[in-house]
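What follows is a set of structures to go through.
In the two complexes that follow, chain A is the common piece, with chain B as its partner first and chain C second.
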Partner chain A sequence: MTASSIIPLFVAIPLAGAFITPLIGKKVKWAPDVIGNSLTFVLAVLSIFSVMMVSSSGTIVYSVGGWMPPVGIAMVLDGLTSFMLVTVNLLAFIIAVFSVNYMEKFTSKAKFYCLFLLMLAGMNGVLISGDMFNLFVFLEIASVASYALVAFGTERYELEAAFKYAIMGTVGSLFVLLGIVFLYSYTSTLNMADMAQVLMQKGGGNIVLMVSALFIMGFGLKAALVPFHAWLPDAHPSAPAPISAMLSGVLIKSLGVYALCRIFFNVIGMTADISSILMFLGALSMVVGVFLAIGQWDFKRLLAYHSISQIGYVVLGIGLGTPLGIFGGLFHLFNHSVFKSLLFLDSGAVEYSAGTRDLKKMGGLAEKMPVTGTTSLIASMSIAGVPPFNGFWSKLIIIIALVQAGRHGYAFWAVVASVLTLASFAKVMKYAFFDKLKEQLKQIKEVPIFMKLSMSALALICLFGGLLLVGAVKIDFLDKATDVLLEGTKYAAIVFKGIG
Partner chain B sequence: MDVYLLTLVLFSIGIYCIVRKRNVIKTIIGVIILEYAVNLFFILSAYRTEGRAPIFMQEEEIVNMVDPLPHALVLTAIVIGLATTALLVGIAMRLYEKYGTFDITKIKELKG
Partner chain C sequence: MDASLFRIDSLSIFMGIFIGLFTLLTIIYSFGYMKGRKGLLRYYSYIILTLIASLGAVFSNNLILFIVFWGFLGMLLYLLIQFGWKETTSYTAKKALIIIGGTDAFMLLGLALIWHLTGSLQMDQVSIGLTSKVAVIAYLCLASGAFAKAGAMPFHTWVPDTAEDAPASIAAFLPASLDKLLGIYFLARLSLEVFRMTPGINVFLMVIGSVTIVAAVMMALIQHDLKRLLGYHAVSQVGYMVLGIGTGNPIGIAGGVFHMLNHSIYKSCLFFSGGAVEKKTGTTNLDKLGGLAKIMPITFITFLIAAFSISGVPPFNGFASKWMVYQGIIKTATNGSGLWIIWLVAAMFGSALTLASFMKLVHAVFLGQPSEEVKKKKQGEVGPSMWIPTVILAALCVIFGVFAYRVPLKMFIFPSLGGVPEFTGIWDPGLATALIVLGIVIGFVIYLMGTALKTRTTETFVLGEFIEDHPDMRLSGTDFYNTIKEIGILKVIYRLAEKKVFDIYEVGAKATLGFNGLLRYMHNGILLTYLAWCLFGTGILFWVLLR
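Now for the complex of A and B:
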């Protein structure tokens, strides 16, 4: 039992859970809830444990089946991976707690938890994979599960959104596969570290440019950057609220942003051109997303457009490539997954009690639903960048990094997008929670206990998220992740040293 | 070289089908064609001139063989494609139940 043997557990545990849940779930009514929640809890604890392991012993590599990389498949646990694992698994646990009550109104909880765990397995797989083709397989597992989850309610608009999402997602995945084919035929290896070394020796050429374009299209589609964003505003609102939170909170980040960063920084190597393309796409998503969001009246659709906008901030920060920019981008990634999940859970809570998503039909809900009202106020302030909530710190860091790098134009747009975000959430709070209570809403009640618990937990993280910037937590959690992206193609040497 | 161009043609047909066709089933067929183009290209990239099957035997020495790895990978990709297609067809059937048509210009309630 070596240290590296916890790495495959991140995939094995949710996969096993996804297999067992529908088998037992038909007979035993309470089993899916218990299995789903306990497994995600175990994963969340393991992911925090993995951060400690990385800080004590550096990069750890697990060789699947005992075949040594570069021939065998490698699973790599380094700073960036453990950072993302914490984000994904912590959120998954809190959302699973929320689902206990929320999913009562759907017929089959067992199927829900099966798909949920399958999606989690795919996301964790993408994060820990050190092998190009393995990354593609896990990406597809997570994607296919998410297509099915978007269609979970099987109503008209849900099916339509799921069909659109599935077609565009499949095309995106095929672009990724095509990119992998080109890279494999150029380098004759699939191991990411080995690939980075071969690319360094052979040097880039036209083929690397082609591969970069394919990956930007493929992963950009998964991350919903602006020219490829058309599926997101349909798919995210149509899914059940916990799944919207999962999709917006972590799926677009682990499949899109993480994979994009890992490949461009650590495998292909970052160049000035790619950096400026990423920054441009990021800034475009940031501005277009927020402009489209401000006119929406559907609560969840408005949030979905804000996801596009906030992903823009993350990509802008990371694409800048300076240490502070990457740090701010990753910190914003974590913060966004917390407050956006919270907002989607709040919208789910409103839908659960008041039965509507239309902002014009709501009003004065804060009076009847104090927990939902308070938590969505906190989340709105976080996403708009009001101090002292976590969103403020990460946006501030990104803007400071942009100014330091002399990119004043991008910094200006980042501020403008932030102000517009504030405006659109002021609208949400006014219409949904603070206005006069509507006659037909007099009867509604606050949501059940588990939903309250998970919303409060996320609100607490929003409130104290700024504390991640001080002390040992910053060094272990955020600095380690930033270092991985900064070390660039030296990643290869570090991974080969970590094999054991 | 011709073979590569033919896969490119197949790829373009797939993209055309997805972008232009209004029928849900034809869109799905477009996805399948696209998938096959990528898989074929993957197999082609493994071919070596005058290569033979990579089967190891004791008495003979292998001089020139094709790369066996992409074949294994393409099998995986085909299985993934099967899962995606099955899901797409499942959604298309449910869509037909709800809307009574396969025409995507009539299936658009989500806007804005």
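Now for the complex of A and C:
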């Protein structure tokens, strides 16, 4: 039993949970809640443990079935992976807590947790996979589970959104698959570290450039970069609130941004062209997303457009490629998962109590729902970049990084998008929480305890998120992840060292 | 390199003292004013947080730390405005947050540019000449934050709205005193320390100052709401401070900083008095007020003193600082530029219009015949927790005016700006006060003699009725200056202003929503369109990478 054997647990635990839940859940009513929450809790603890492991012993590689890579399948745990694992699993646990109360109104909790855990297994799989084809398989597991979850309410518009999402998602996946096929034919290996080495020896060519274009399109679609974003504003609002939180909070990042970074930085190798493409797409998403968001009156749809915009910040920062830019981008990625999930949970809480998502039909809810009101305020201020909340710090770092690299134009647009973000969340706060209380809403009550707990937990992270920039936490959590991207294609050597 | 996060020098100590004073007075005032309102625990905790954040901001030396406190203040302002009870309160709060928060975002850009230029974020270690384009942009970005906080044009539109819709205690606390102090403090730090000014930027500041003075006071003339009118004056007075700092010479800068302090004193006093009127009569609409002088004598006197101060009537404090600003402007003539006459005319014209506007206000609120609404209400002065802070501020107006040189200038202003500037004009407040008092006494004697010696008999009234019985005969004073709306070019300007063409917030909102409409049109919900975009995007990617 070595340290590396916790790596497959990130897939095995949720996968097992996904199979057990529907079996037991039919007979025992409380079982799905307990299984779902305890498993995600275990995963969250394990993910924090994985950060400590990486900080003490560096990159760790697990060989599935004892077959050594590059022949066998590898699972790799390094700084970036552990960073993403914490983001995904921590959020999954908090959202699972929220679901205990929220999902009461849907009939089938067992099916919900089954799909939820399946999606989690897929995301964790993408993160730990050191093998190109496995990455694709896990990506599909997570995607298919999310298609089903979007349609979970089985209303007309939910089915329509799920249908669009499924089609566009599949198109994206096929582009990724096509890219992998070309790479495989070019390098004759599927192991990512090995692939990186082969690519270094053989050098790039037109085939690698074509693969790059396919990957940017495929993963860019998963990450909802403009112009591949159009599925998101339909899909994310249609899902039940906890799932919206998962989709916007972590799914687009682990399937989209993480995969994009891992492949371009560590396998293919960053070039100036790709860097400028990523920055351009990031800036475009950032601006277009926020302009689309500000006119929306559907609470969740507005949030969904903001996801596009915020992902733009992340990709802009990471695409810049300087240490500070990557650092800011990754930090914003984490922060965005926290505050965007919180906002979706808040929108869910409002829908739960007031029964509407239309901002025009709300008003004065802060009075009746103090916890929801306060947490929304904190999350809104975070996403708008008001100090001292976490979103401020990451935006500040991204802007400084852009200016430092001489990209003043992009910095300007980042600031403009930030102003518009503030404006649109000022709108949300005004119409939903601060205006005069509407007559028909006089009777509503605050949401139940588990929902309050999970929203408060996320609000606390927003409030103290800036502390991640201080001391050992920064070094172990953020710097280690940044280093992985900075080391570029040296990744291969590090992984091979990790095997031994 | 010394990288201390905080700095304590005379300027920040001076700011700290007055921030503390205004917070204390606001809290005392709120005990009476906010009595019986909901959520008072939150209200007072936000005020305390505002105090802490403001102190943090003035004592910060590191720009990031400064911006953290500064941005947090914007949010606290937003939350405090929400305590208002007007229909439009939440709209106003939103507007204030967007304008202030928006400029804060630009400050981040300015900060990043400073770091790019110098590699340091310590305010006392940075000194950038405004010669390159990047430096000018950095200065403008940071100054926009200061302008928005202080309420200078073009970021002023949140101030009148806030003054009208927020509780009077908050209107006095934030837009009138603390935000002014902070905004001008930061502008001073920027212009005196962080950047080395050039004549061009000085002229830019003076243009902003002059336009602010005149435009805002013109808007104030035609207002119908007591608090909103005061709000426009809060904007107009910022012009003097910006103008003073823009002169770039010691006396002008000292005048600007001194005016900042004086403004906070008299404007808080005015808002406190206005709040007292509101508390008593339940309205701030000038049409519904009148004749309160007899009912609320203390409030009347304090309001009158503060009104004299803001209009620049000697010997009150507003005159002392305006006088210094004028001298600063005249001094810029030595640079050989003939523009000084424009600034001077703007400043003096603004001062005259301020006086005119306060004549209207004092008449409409305190003099004339009481309106129906006023008569219906309970009579009498407000409670001591409301008048004590008001009286203290009125007393400060007098003290800082009469003993301008001995108390505030010597104790606070000169030490914080390092050195005593040379006065060109001769102004001895003590002597002048004595002369004015003498004049008033003589006038009073003549008046007494006149009335005592001569009795005059006239018809009581044209219609032979008691005016009190005929409310429609009442002259409220609200429409004193309505005719200026009809004068040529002013007519056009006022009409545009009523359409909010000069409101940066409204203009920005229109542009944003227009662009939003275009993008929404492209998102028609049809899957094939979306897929076509994907294909189009991929095509471009291929072209870019493989060309």
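Criterion: the second predicted complex is superposed on the first by the 499 of 500 C-alpha atoms of A that agree within 3 Å, B and C clash if a C-alpha of one lies under 4 Å from a C-alpha of the other, contacts with A are read in each partner's own complex, and residues count from 1 in each chain.
Throughout what follows, a contact is a pair of C-beta atoms (placed from the backbone, for glycine too) under 8 Å apart; a residue touches a chain by one contact, two chains touch by 3 or more.
From a predicted model like this one, the values you see are computed outputs, not experimental measurements.
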(request) For A:M217, select first, second, both or neither according to whether it touches chain B, chain C, the two together, or no partner. (result) second
(message) Let me test your reading of the model: by the given contact rule, A:P227 touches which partner, first (chain B), second (chain C), both or neither?
(response) second
(message) Just to be sure I read the superposition right, which of the two partners does A:V144 touch: chain B = first, chain C = second, or both, or neither?
(response) first
(request) Would you check which partner chain A:V181 touches, where first means chain B only, second means chain C only, and both and neither mean what they say? (result) first
(message) Which chain, chain B or chain C, ends up touching more residues of chain A in the combined arrangement?
(response) C
(message) Output check: A:F41 vs chain B and chain C. Expected answer is one of first, second, both, neither. What do you get?
(response) neither
(request) Examine A:F450 and indicate which partner it touches, taking first as chain B and second as chain C; both and neither are also allowed. (result) neither
(request) Figure out whether A:A166 sits in contact with chain B (first) or chain C (second), or with both, or with neither. (result) first
(request) Please work out whether A:F496 is in contact with chain B alone, chain C alone, both, or neither, and reply first, second, both or neither. (result) neither
(request) Look at A:F49 in the shared chain and tell me whether it touches chain B only, chain C only, both, or neither; answer first, second, both or neither. (result) neither
(message) I'd like to check the shared interface: which positions of chain A are touched by both chain B and chain C across the two complexes?
(response) 163, 167, 171, 233-234, 295
(message) Using the touch definition from the top, list the residues of chain A that touch chain B in their complex.
(response) 133, 136-137, 140, 144, 147-148, 151, 154-157, 159-163, 166-167, 170-171, 174, 177-178, 181, 184-185, 188, 190, 233-234, 238, 295-296, 298, 301
(message) Please output the residues of chain B touching chain A within their complex, sorted ascending.
(response) 15, 18, 24, 27-28, 31, 34-35, 38, 41-42, 45, 67, 69-70, 73, 76-77, 80, 83-84, 87-88, 91-92, 94-95, 98-99, 107-110, 112
(message) Going by the contact rule set out above, which residues of chain C touch chain A in the complex?
(response) 64, 67-72, 74-75, 78, 82, 87, 90-91, 93-94, 97-98, 101-102, 104-106, 108-109, 111-113, 115-116, 134, 509, 512-513, 515-517, 519-520, 523, 525, 527, 529-531, 533-534, 536-538, 541-542, 544-546
(request) In the complex, go through chain A and note every residue touching chain C. (result) 163-164, 167-168, 171, 175, 206, 209-210, 212-214, 216-217, 220-221, 227-228, 230-231, 233-234, 273-274, 277, 288, 291-292, 294-295, 381, 384-388, 392, 395-396, 399-400, 402-404, 408, 411-412, 415, 418-420, 422-423, 426-427, 429-430, 434-436
